[in-house]
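First the structure, which I've put down as structure tokens, then a few questions once you've had a look.
The chains carry the letters A, B and C, assigned in the order they are written, with residues numbered from 1 in each.
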Amino acid sequence: MDTPFRSPLALMLRYGLLSILAFMVVCPLAWLALASLRPQAEIFQPVSEFGWHTFIPSRLTLDNYRALWNGDFPLAVKNSVFVAFMTVVFGIVVNALAGFAFAAFDFRGKNLLFLLVIISFMMPFEAIVLPLYVMIRAFGWANSYQALIVPEIANGMVIFLFRQFFASIPRDFYEAARVDGASWLYIFTRIAMPLSWPTIATSGLMLFLAQWDSFFWPVVAASAPDYAVVQVAIARNINFEQNDWGGLFASTNIAILLGTIPFLLIQRFYVRTLISGGIK
Amino acid sequence: MISSRWTPYLFLAPALAGLLIFRLIPIVVAAGGSLTGVSLMGDMRFVGLENFEYLMTDPEFWSSLNITLLFNVIINPLQLAVAFGLALLVFRPLRGVWLYRTLLVLPMAVSTGISAVLFGLFLDGNLGPLNGFLEWIGIGAQPFHRSADQALYTLIGIATWKGAGYWMLFLLAGLYSIPSTVHEAAAIDGASAWQRFRHVTLPLMRKPMAFVLVADTAINFLFFAPVYILTSGGPSGSTSVLMFQAYRAAFTFSDIGRSLAVSTILLAIILVIVVLEFRLLRSPEERA
Amino acid sequence: MSTMTIDNLRKSFGATEILRGIDLDVADGEFVALVGPSGCGKSTLLRLIAGLEEASSGSISIDGRDVTRLPPKGRDVAMVFQNYALYPHLTVRANMGFSLKLRGDDKATIDSKVTDAAAVLGLDALLERYPGQLSGGQRQRVATGRAIVRDPKLFLFDEPLSNLDAKLRAQMRTEIKALHQRLKNTMIYVTHDQIEAMTLADRIVVMQAGRIEQQGAPLDLYDRPANAFVGGFLGSPAMNFVKGILGSGLFLAEDGTQLPVPDGFDAEQGRSVLWGVRPEAIGPVDQGFSGVVEVVEPTGPDTQLLVRVAGQPLVVLMHKRMRVSPGDQMTLGVQGADIHLFDAADGRRLHL
């Protein structure tokens, strides 16, 4: 839509506001990225010496990152990547299966079960962290990968997204395959899933972000160093009385990049799916 | 469609088992566990409403409830207003608007815990640039999360930095769902830009705004990571939200029963919010 | 009194030119239909008149006042949209009264005007409903009612009936015609349905690729299309065309078949032309050209035939029942006055 009769002043105001807001969002991230490349000696910034060198290091160095290599941070990164990857893979399969069932079949109890899905996505996961911890402990899962992965796999929002997508494919499509003699599993894996890659991308990102954003659960369920994910490992180090500030800057920056890079790659699908009303 | 009776259930089984075990049963566990206590010998016993009675007489619980409510009364309208403002700014086509939109939603991908660490550094007097900047423009350095007066508002600021872009997307979806011809009809009917916003956009955005407000509230009642990382509930209890109380009861005082009692109260609040959400999501015609 | 004058109006979106110089005068009380294939610019032209898009160059005047750079608010036009664009959160009453409320009319005035318009359109019983509770035809009426209550200088219609089923469309067409005869307002009506344009309009403006191809009274355009495009666009089933060259007092199709030319027509021999004739103008005669029947489609009152003549399928429409079968030989003829000849290169009509 063209916007007719627009005054140049309004246009400038809009650009100005957007630029200020975008700056507020990006400034802390950019500052940290640059600060992580500073030599250790330059990390402290007396309040009285504000100027361009507050943001721009005098010389760029990867020392802070090299130092991280020998600590327990690489393990935390490995844990995070593993946990996120498993959650995304299992999450896509399990939730897509359920979404397909809600879209393609009529069965007894469908509405009731779907209500369960809706309720589960309206209720944030954090609400049940402590009782869930009691259960996980009883399973003997405390401090384990499965404690981090398994509870995050079934996701009401992702089931909902897949259902919306599969319901948008005409049923004729599935029925034609049935008439041709295909099994339901074959229809799901060979017809429904290959059509749904934008939904798969969006769901994958959604599962990733849910896992990536969780903090209370990993702190409670898997705080042992062997299983600590990135955000837990970093939070444990931030007592503001340590010596290795450069290491904290570098590890925090890595943690930010680990989240934002996949996000930037996939956000176009994600935003489009959300905006096109996939959520309502 | 004809299918074997069991096929749909086989497709559903893994996901529904997950939702049942990891989303619904914990609610029951919370309610049941809140009625238990741990004896000195370390075994669980049934104590009835003792945990709740304790909380009712605990000034720390009441102050925590107050803080949680204050936090929510401020943050939810604030985030809604900011998100709506952002959505309006990026809604209409503009050269380069996709870049702004991408930047504004970027904090979504910064883990909540990490964003707390980031701001811990950014706002720090010795490590971060902000206090230097404030000094430079003459406002003077601020203690932020290190002072009882500013800690809660600092956390609200961090959470808004992190969350506004996410909620913006839902409001943007709402704006896109208003047919452009309705705006055009209003323009032809003689409405000025402000009148179009007031009489067309705003009433038609009621539903998405209500959704965002309620969903955001549900999440903010469970606000935890920045408290844990930056303030540990302090200074002087000024940021000790209910979620932090529940954590401390379980892991500092090893009193799972009391912790689950706090969880149960939070769950009850969330369930009320979910019911509200269902109510609000019905369209105006359904109510007419 | 409301007239409209458009002078050399142009509109581009980026490098794409949608309107390439439109000149149009509309008289007071006239009903003008803009027709053309999709993408011809007719809707863009209407949106420019409404002020929903800004012109790249040229001018639009309403009642002698230049409105080219005015937003819709300053133009006093009303528009009925294809998807009706009713305010979903307002009742029918509030939808119809919205513009009056914005204008600052008092409540009594609004009420009486809305009630009057509702009576005209038979909406009395629906005033307290929401748009979501109405059928397509009812919504269409509310959209029309919203335009009527304003008593605007110009009524604009953007394909207002295209979302209705065939039966309802015919009914609403009649209602709009009756409405125009009663209100006598100036109306501009965009449609891709040439039947709508023929039945409703005092004048039809045929557009293609951002230009006006021809304008005039409906039957004038039907009988004397200025070019092959207008001839082919107006009329259903469409005009038949045969390619060939002019001979001496006759037309030679590409396969050598001889076909008649208009009475007294004499132009340079050997010129490449299109020979056009409307389906209802061809019929069986004793002496004429021959063809082979390929398809017979009886519709009740009419019979439509597909007859292969000069190696090309021609549609023949007979207003009676016929006993013919595929494969039958037929001898066909056409009156000289019903034959249209167009230049093969630029499509221009070659005779009066």
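Assume a residue touches a chain if its C-beta (ideal position, glycine included) is under 8 Å from a C-beta of that chain, and two chains touch if they have at least 3 such contacts.
Just so you know, these numbers come straight off a predicted model, no measurement behind them.
By label order, what chains touch subunit A and subunit C together?
For subunit A paired with subunit C, the chains in contact with each are B, in label order.
Hey, which pair has more contacts between C-betas, A-B or B-C?
It is A-B, judged by the count of C-beta pairs in contact.
Which whole number of Å gives the spacing of the CA centres of subunit B and subunit C?
56
Provide the C-alpha centroid distance between subunit A and subunit B, rounded to the nearest whole angstrom.
For subunit A versus subunit B, the centre distance works out to 16 Å.
For subunit C, what residues touch not just one other chain but two or more?
Answer for subunit C, listing residues that touch two or more other chains: 51-52, 71.
Mind listing the subunit B positions that touch subunit C in their complex?
Contact set of subunit B toward subunit C: 179, 181-182, 184-192, 195, 199-200, 203-204, 206, 283-285, 288.
Can you tell me which positions in subunit B touch subunit A when the two form their complex?
It comes out as residues 1, 3, 5, 7-9, 11-12, 14-27, 29-30, 33, 86, 89-90, 92-94, 97, 100-114, 116-122, 124-129, 131-133, 135-136, 141, 161, 165, 169-170, 172-173, 176-177, 180, 211, 215, 218-219, 222, 224-225, 228-229, 243, 246-247, 250-251, 256, 259-260, 263, 266-267, 270-271, 274, 277.
Any idea which subunit C residues touch subunit B in the complex?
Per the stated touch rule, the residues are 50-52, 71-73, 77-79, 81-83, 85-89, 98-99, 102-103, 130, 132-133, 146, 150.
Could you please specify the touching residues of subunit A with respect to subunit B in the complex?
That would be residues 1, 3, 11, 14-15, 17-19, 21-22, 24-26, 28-29, 31-32, 35, 43-50, 54-55, 94-95, 97-98, 100-102, 104-107, 110, 113, 116-117, 119-120, 122-135, 150-151, 153-154, 156, 159, 171, 174-175, 178, 184, 188, 209, 212-213, 215-216, 219-220, 230-232, 234-235, 238, 240, 245, 248-249, 252, 255-256, 259-260, 262-264, 267, 271, 274-277, 279-280 of subunit A.
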